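Below are two complexes that have subunit A in common, paired first with subunit B and then with subunit C.
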Partner chain A sequence: MIRQTLSVLRKELLVEWRDRSRISGLFFFAMAIVILMAFASPSEGVLKQQAGGILWIGLLLASTRSLDQSFATEMEHGALEGLMLWPVDPRAVFYGKALANTLVLLMVALAIVPLLFGMYGAEVRGSIPVLLGFLVFGCAAIGAPGTLFGGIVAQARGSSVLLPLLLFPLVIPAVLAAAKGTTVVMEGDPMGQGRSWLGLLVAFNAVHWSLSGLFFGRVVEDG
Partner chain B sequence: MSRLKWEHVVGILGLLGMIGGHYAGLFVAPPERMMGDVGRIFYVHVPVAILSMLMFSVSGLAAFGYLMSGRMGFDWLVESTVEVGVMLSTLLLILGSVWARPTWGVWWTWDPRLITATVLLLTFVGVMLLRGATTNPEKRATWSSVATLIAWVNVPITYKSVQWWRSLHQIQTPQDAISEPMRIVYYENMIAMILVLVWFVAWRWRIAKATAMAEAPEPLPAEVSP
Partner chain C sequence: MPSPPTIHIDSLARRFGPRWAVARVTMELPPGASCMLTGANGSGKSTLLRCLATALKPHEGGIRFGNRDLWAHRDEIRPKIAYLAHQLHLYDDLSQRDNIDVWARMGGLSADADALLTRVGLDPKRNDPVRALSAGMKRRLALARILIKAPELLLLDEPFGALDPDGRQLVVDVVREIQNRGTTLVLATHLPTSAIHICDRAVVMEAGQIIWHGPSGDLP
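For the complex of A and B:
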């Protein structure tokens, strides 16, 4: 199954690479949010403290554009049926797609963080590997349920409205943990809170990566 | 004349029980030691809180039942319990706000229990919206069952939130910490509410079934033998 997952991942990344407008569009979308959020802040000093939260709001909003498109290729010309007819475990299709969506979001995150340093005056007082940990697990926490719901709404009516309605409430705990964790890494963590936020994020990922993988087959087979 | 359905009998008993329970909660039970008469909202707020989580758990079981068996009866149960659960959850947040104003001094605060309860409500509202956006009955049943099971993950988190993150909202009160006359009124209200909810769910289940029957395509005419 790992080989199958990697094949699906390769195919997804190849599609992304051939149509690079999606990932660049995502980046500019997230960047626009980062800039717009600055207008809602009362002062530049506060902006610096809000950098972690704004990063995750930007990523969450950008993720809906990405996840919405994740199944667009499959929906054209009934290619989803073709994909499911492959002698491949549906879980491999799910994990391949979810990993690809996580990687795309992570690349956007890595491109946005330097902007926060430059424009918001944010700095990393904690450790950089821990910051990377929050970025990886935070993106993964949006990627897994996002791929599952992306698969559902791609086949339903009004998908662009439905995806945020399904996804946002579900990922609130993960976004909260990622935002709080990123903020404590940036602002310094004298109380050692980062560890518990990271723990919550890892637990969220464990639950949703297993549950979503389990259900994906039913969602596309009955679709 | 149509026969009186069992759920209506249960519902009328429940409504009578709620009238009696509310009267006892307001006028018979002793005032709460710390909060006085404000504490009387306990007889409604706590049963609504427990029953909303229980209702979503029934939705989770029904969703699991549908995914395992494919029987539409389970899907109708998902539809009815999710709707009743959303109603209860909304009522819970309103009651909680009414209680919070005199005791905490605010209608709303960013307390972990309040946040998790709101997240729980929103995830199940998402399930209802998903059902509304899907016309094919089989797809609707499968997708909403999956979404229900994933939304159900928030039930234990909401329940345990007061223990995991100690904050403004109190932890669950042990039964033996409640005085006898207060406990009787609490149980009375709880049982009455369960009866009313059984009525709501059963009635809503019949509506879901009738809608499904009406939506089902006409059976093909029987082949006429020459």
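For the complex of A and C:
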């Protein structure tokens, strides 16, 4: 299964590399949200405090485009069915795609964070590895359930509308934890709250990465 | 390659909503048999093929692959089946070579992409994404994709669709090559004249049922 997971991951990254317009589209989408929010904010002080939240709003909205496209590629010539019949273990398909979706989102996050420093005057008063931890686990928390729901809605009409309707309520706790954690790392964390938020994110990931992997076979197989 | 087992289709039925696409079909495919499924559009031949490919679970009856129930043991049997589907199972954003490499890696198989592409009449040096290929070239690439496997059961759904006369002859040649290894063949087509050269048996379907079967040379 590990070999197949890595093969699926490699294929996903190859597709992203061959059509780089997708990831650049995601980046510009998230960047547009960050810039618009900067103009809407009443003062620089407020803007600085909101930086963490705005980052995660941008990433959450951009993720729906990324997840939708991830399965659109599979549906064009029925490739997802081809994977099942080849056969590739459905768990390998899930973990390969979820890892790729997480990596894509993480790349967008890493490109957006410097904008927050430049435009919002945000700074990291806490530890940079902890900030990276929030970015990694936050993106993963969107990536795993997003891949599962992406698979569910891929075969339905209006999948781009259905995906956020299903995904957003589920990932709200994780996005709240990521936003709050990012903010305390940026603003300073005298009360040591960051560890609790990071713990919540890790627990959310542990549950969703294991359960989504188990359920994915039911999503993509007939019967 | 081990000899393929006999395939028993036993009162197979599959519905979509209230409509039965395949209704109580019973037939047997001995090892190395080559069978053409023909009939008008919507007669159930593609659904029957998809059940054989384990893409669809039968709602009634079943298929035995040797002594094993095909659906229950699909994980073990799927590597022995190659299926050229109506949908071509290709990645539009990848090149033809990438597609062959990706599918070979997924199956843990080794494949000489250049040789396979040349075999199906494609230029291995061409590096365009698949979306830039014509419908006929995509079908040739899908044929190359199934050549990665050494199947015991080969399933072809409308393999001559979108192909020019050279392409149709290529399909006949490639399928004969695979048949020479003893592979069992089931081919669905509504153009039986092209398939008659590679299939010794024919089954005519209508409304999900078999209405005629016999040697392909006697096809009505």
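Please note the rule applied: the second predicted complex is superposed on the first by the 222 of 223 C-alpha atoms of A that agree within 3 Å, B and C clash if a C-alpha of one lies under 4 Å from a C-alpha of the other, contacts with A are read in each partner's own complex, and residues count from 1 in each chain.
Following the convention adopted for this analysis, contacts are C-beta pairs under 8 Å (C-beta built on N, C-alpha and C of every residue); 3 or more make two chains touch, one makes a residue touch a chain.
Everything numeric in this text was worked out from a predicted model, so none of it was measured.
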item: Which superposed partner A:Gly78 touches (first subunit B, second subunit C, both, neither); value: second
item: Partner chain in contact with A:Ile57 - subunit B first, subunit C second, else both or neither; value: neither
item: Subunit B versus subunit C as contact partner of A:Leu148, first or second or both or neither; value: first
item: Touched partner set for A:Val219, first subunit B, second subunit C, both or neither; value: first
item: First (subunit B), second (subunit C), both or neither touched by A:Ile23; value: neither
item: Touching partner for A:Ala156 - first (subunit B), second (subunit C), both, neither; value: first
item: First (subunit B), second (subunit C), both or neither touched by A:Arg10; value: second
item: Common interface residues of subunit A - those touching subunit B in one complex and subunit C in the other; value: 222-223
item: In the complex with subunit A, residue positions of subunit C that touch it; value: 53-57, 71, 74-75, 78-79, 81, 83, 85, 87-95, 98, 102-103, 105-108, 129, 138
item: Partner subunit C, residues of subunit A touching it in the complex; value: 3-4, 7-8, 10-11, 14-15, 18-19, 73, 76-79, 81-88, 222-223
item: Complex contacts: residues of subunit B adjacent to subunit A; value: 67, 115-116, 119, 122-123, 125-126, 129-130, 133-135, 138-139, 142-143, 146-147, 149-151, 153-154, 157
item: Residue ranges of subunit A in contact with subunit B within the complex; value: 145, 148-149, 152-153, 155-158, 162, 165-166, 168-170, 172-173, 176, 207-208, 211-212, 215, 218-219, 222-223
